[in-house]
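Order as written gives the chain letters A, B, C and D; numbering starts at 1 within each chain.
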Amino acid sequence: MWFTSDNAGPAAPELMQAVMEANDGHAMPYGADPITARAQDRVREVFEAPNAVVHFVATGTAANALALGSVTAPWTTVFCHRNAHIEEDECGAPEFYTGGAKLTLIDGEHARMTEAGLARALRFTARAGVHNVQRGALSLTQATELGAVYQPEDVAALAALARGQSLPVHMDGTRFANACARLGKSPAEMSWKAGVDVLCLGASKNGAMAAEAVIFFDGDRFGDLAAKGWEFELRRKRGGHLFSKLRFMSAQMDRWLEGGLWLDLAGRANAMADRLAAGLKAGGRARFDHPVEANALFPALPRAMHRRLHEAGARYYMWPFDQSLEGPDDEMLTCRLVCNWATSEADVDAFIAAANG
Amino acid sequence: MWFTSDNAGPAAPELMQAVMEANDGHAMPYGADPITARAQDRVREVFEAPNAVVHFVATGTAANALALGSVTAPWTTVFCHRNAHIEEDECGAPEFYTGGAKLTLIDGEHARMTEAGLARALRFTARAGVHNVQRGALSLTQATELGAVYQPEDVAALAALARGQSLPVHMDGTRFANACARLGKSPAEMSWKAGVDVLCLGASKNGAMAAEAVIFFDGDRFGDLAAKGWEFELRRKRGGHLFSKLRFMSAQMDRWLEGGLWLDLAGRANAMADRLAAGLKAGGRARFDHPVEANALFPALPRAMHRRLHEAGARYYMWPFDQSLEGPDDEMLTCRLVCNWATSEADVDAFIAAANG
Amino acid sequence: MWFTSDNAGPAAPELMQAVMEANDGHAMPYGADPITARAQDRVREVFEAPNAVVHFVATGTAANALALGSVTAPWTTVFCHRNAHIEEDECGAPEFYTGGAKLTLIDGEHARMTEAGLARALRFTARAGVHNVQRGALSLTQATELGAVYQPEDVAALAALARGQSLPVHMDGTRFANACARLGKSPAEMSWKAGVDVLCLGASKNGAMAAEAVIFFDGDRFGDLAAKGWEFELRRKRGGHLFSKLRFMSAQMDRWLEGGLWLDLAGRANAMADRLAAGLKAGGRARFDHPVEANALFPALPRAMHRRLHEAGARYYMWPFDQSLEGPDDEMLTCRLVCNWATSEADVDAFIAAANG
Amino acid sequence: MWFTSDNAGPAAPELMQAVMEANDGHAMPYGADPITARAQDRVREVFEAPNAVVHFVATGTAANALALGSVTAPWTTVFCHRNAHIEEDECGAPEFYTGGAKLTLIDGEHARMTEAGLARALRFTARAGVHNVQRGALSLTQATELGAVYQPEDVAALAALARGQSLPVHMDGTRFANACARLGKSPAEMSWKAGVDVLCLGASKNGAMAAEAVIFFDGDRFGDLAAKGWEFELRRKRGGHLFSKLRFMSAQMDRWLEGGLWLDLAGRANAMADRLAAGLKAGGRARFDHPVEANALFPALPRAMHRRLHEAGARYYMWPFDQSLEGPDDEMLTCRLVCNWATSEADVDAFIAAANG
């Protein structure tokens, strides 16, 4: 009964198989191998973006921080949600890779930024004199840190506000696959067609050992897309994120995207989240303050139920972490339950059974 | 006939097997899994260093840059050989991770720093007033970038000079395994017993897909070794180098060090380098300006021989890269030939045959 | 009628005279001159802090950013008020000099941080795992950016919270003189006795051409105060803030502190702010949402009054800047009026007359 | 008898007078005052560069580091002489302001870079793959750190090499005035007409209290010169180098350049250097390994002469610093003697008399 995070799950056997097959004799290092080229083509194909520049890195933090560093100056600020991973969970990696940019935090339910919130923040920073950090970029998280998704039209509206101020739009797509699978929209609709300039597409939480793609989309944003791509390569190397045996990472990304496997895996995780939510709702004692739109749920449960679950061996985090199991039985305490592609129906049902007592 | 670099080689089947086995259900992420703990213990055991703090990262550049950042301040300089990887091949990663430290370049044959050279550089920087960068650290590369190794007593003598100025000693051990296998000395003798404070131990060029260990040794250097280790963890995370599914990297390092496999693999690469050198020497037309002490050789060969080799499909780099195959036949042109654990006798012999015509 | 900012004012003639006198032949550069030594001693004497380490820089931004860089690590966050100068008006200098630390913004009326607000922020960041930036420092602004002051006991209570988490306490004292003059408390009571570890004491807005002192107080904070002082010197040089002819800056600071001149100058500015506030209140149409506790006032005035003032040649800023003079006459619009040591009663009275029509 | 450095000298009375006159009531801060505008115009006029973008900072280190940061990326290297101030005497400020760029050190007599040396360094860095830092900028020091000057045609030849690789050309003009006065060439000929893109023009060592101009020349280098200027302003603010009461610095620069005062002051220093050199040569015991082309001389003198000079109260530095007065009388020890605008004939003659015994 592992619901701590999707990164506690195993890698998908298809990807492991691809990694094994990639271990076939010698190959040019640092991405000059045929598997990497194939994986880059695969990304471009899946996103209907034949001119996109595609690079691979091993962690979501590296992807986000390198991407933000590529599109902002050190004296700017990145507009993001208060609960964004880049703000809360990357130990300042964006600050490190941007050379000390700020993050301007925007509120919004379910960790979803609102147009009004973004507009207010943009207005507040409109002065932009020499004493102020300048406006740098918009960063959206899809799916959000509280399990919600943005509809493509939500993204488009926010991106339009950013573009009105000539700001590039970054998307932290650590769980982009889950959002995509949920909405049934095409990857292109979910990204560049909605105004995203650079997408960090994560596979590590959805079947890979470690593989993330940073995708710079063609468009009017990057005057010289090839120059931007080369700059990214230098930044990646300088950050220590250029793998010599890149083929093993590329093989994961390539297989993940092949034949829709990535959406199948994400769909399984989403389905388990739905099943879990339904079971808890059926029990009648859970309260859902956040929608279940991807693969995570954030229900408030009575403390007694948490105790039962812990005794039954369920693994998950209280949200926030520091809520105690000691205290009144009936007090409702919010927790986070994350499903991944390998979460089993049996585990979900066991959790529900323990919860509902 | 791949002799471009040891990173062109495949991963060892033992390590691939270990990775497969690590993919067993759920596990705590970010290194809180049992495989990572086992691999850390294995490092400590192999190095006879029960108190050492051990962390894993995926690339040698990350290992070096994070380690140097951990032991120097931004306003210092790192003493290294002019041909060190940290100077020539990391696109400024040490500068990035140290916050802008300098590298002071020291000469020495075969990319091996001499005591006299280091002493001179230390003397020159002795002023160390407020206008000058301060002395930061000593960095040695074992084996060197030109295929030589340091004897433990060489390391000890250089480390003593550094310690005389209270400087920490870093070792870039990307090919530490090759040096260790060659000299038949214990890992402890080759590192902390000779005065090394922090070792970057590389497996990526010797059988792993991607795995490096950063080892902080106990001693009088780091007052509070646990605090130093925690700082490193924060730096690693901030650099985007903390893997969520760390178990897969740890599994490689664990298996690599188990039962001396790492030295076997390195020994194979070294033996192939010896065989290659012997064959070229027997041909009578190669000149060896650098000793063959690890797994790489840097022979000067007549241009006509290079042409023959290229026609025969041999893959390797001219050293420096930009020497042309066009020109007088007899001119001697230096090249770099690197063997790895998977280099076959057949490949070596084919190379020799093509070379010697 | 200049009320834009205190930095629009001239330098005090006493300080200009001291600068002239400092121009007496040759002197050792970079602070090794007798005037600098005297000025440092003067600071220590005025603050009853015989062991304090004292350095001079030319701008408040440099003082704050260098001081914060000296007491925090790049992976930490600085707790400050949402309206702090370090957040709003330094173009990211703290981020630059800390190597990319965050600022955690805390609310509170009149730009004054509350104990509850700080306690909440400290609690929220208590997790402090490897994914999170760590807690770095507390920064208070005295007087605040909205013209309020902290009582020494307010500072002590906030500092106690910080010290409870082992956080150093920084004070942005750009207008420390105004606060000190207002409260009639000793500089020591207002700083180290209340728990301040490092004070940036500004003279540039109160009679100097350009002079700020960064004062590291003795105490249990800085294990080795001399080492901290030397580190600051290296940071200052590296930031380009070490003046060769430092004697001219030191002469200003020395004369400013001599015989209480600094408090006289600040007292004059405060008195003019009081006179201005009284006159506006007497007119019956101004609304004061913020107290007048230093040398600045932030009254809301009817738009028609603003128009009259602008026609009469009064210079000051709307607060926020972008409020228009076009619109309904009676709408109340907040502005900022700052007095300095040279503000004349005549100017104040002319302003009042124009305002009250 | 002060010959330690030109920054030990006083400020020129004309500049002090200008500073006093600038202290005339209120003025807009941060450079929006009329004196700053006038000084910027003055720079443009003196350099025959009507479109140049001109900014003022207080120290040469700030000027150099901010200028280099403005024209290079963090992953590049700056080509400079091994003895350049940016390498030896700025405690890593260029690394700090560039975000960690390297300096590639080039040899050449008298701290003067040669075409051959630069060409070799450019060739060596031609590979410029992703593993290597990229070529960033050329930096020349005029006059050099060993008292030599570049002829405009020398600068032009070096700049042509840089421009051949699309590299911007920076000039550290801390003693540009001395070079200019010596050669009798126009400021334009000495700078942009010879290919300099950005000049750091120093007054602090030649009559000012603290004033340096950073001049971005018009040309094909900076596509959008206004954008480059704005970026510099943000960098200056972020570095804490934007003075609120900038008028006092601008007044110095304005007066310095008015009516050729700057060249008069530099000419006086140069003349005293000549007189000193002539006197030492006449004594027959000094050896001159470096030419006397600006305001500094680097003679080798017998140790006994050094002893005599120290006993007579002469102040100057041994070069390098750490040569001892203890030892054989006849051993020749090099020293540095720097004259400034205020060095008197009496001081020079007293020095000569003491030296020649």
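Details
Criterion: a contact is a pair of C-beta atoms (placed from the backbone, for glycine too) under 8 Å apart; a residue touches a chain by one contact, two chains touch by 3 or more.
Chain-to-protein mapping (UniProt): A, B, C, D = L-threonine aldolase.
None of these values were measured; they are calculated from a predicted model.
Interface comparison, A-C versus A-B: the higher count of C-beta contacts falls to A-B. The chain with its Cα centroid farthest from the Cα centroid of chain C (L-threonine aldolase) is B. Here the CA centre of chain A (L-threonine aldolase) is 34 Å from the CA centre of chain B (L-threonine aldolase).
Rounded to whole angstrom units, the spacing between the C-alpha centres of chain A (L-threonine aldolase) and chain C (L-threonine aldolase) is 41. Of all residues in chain C (L-threonine aldolase), those touching 2 or more other chains are 30, 74-75, 90-92, 96, 99, 130-131, 234, 237-238, 242, listed in ascending order. Chain contact summary for the complex, chain B (L-threonine aldolase) toward chain D (L-threonine aldolase): residues 74-75, 88-92, 95-96, 98-103, 126-127, 130-133, 320-322.
Of all residues in chain D (L-threonine aldolase), those touching chain C (L-threonine aldolase) in their complex are 2, 4-5, 7-11, 13, 16, 19-20, 23-29, 57-63, 65-66, 90-93, 96-97, 204-205, 209-210, 234, 237-245, 248-249, 342. Of all the residues in chain A (L-threonine aldolase), the ones that touch chain D (L-threonine aldolase) in their complex are 30, 73-75, 99, 130-131, 134, 231, 233-235, 237-238, 242.
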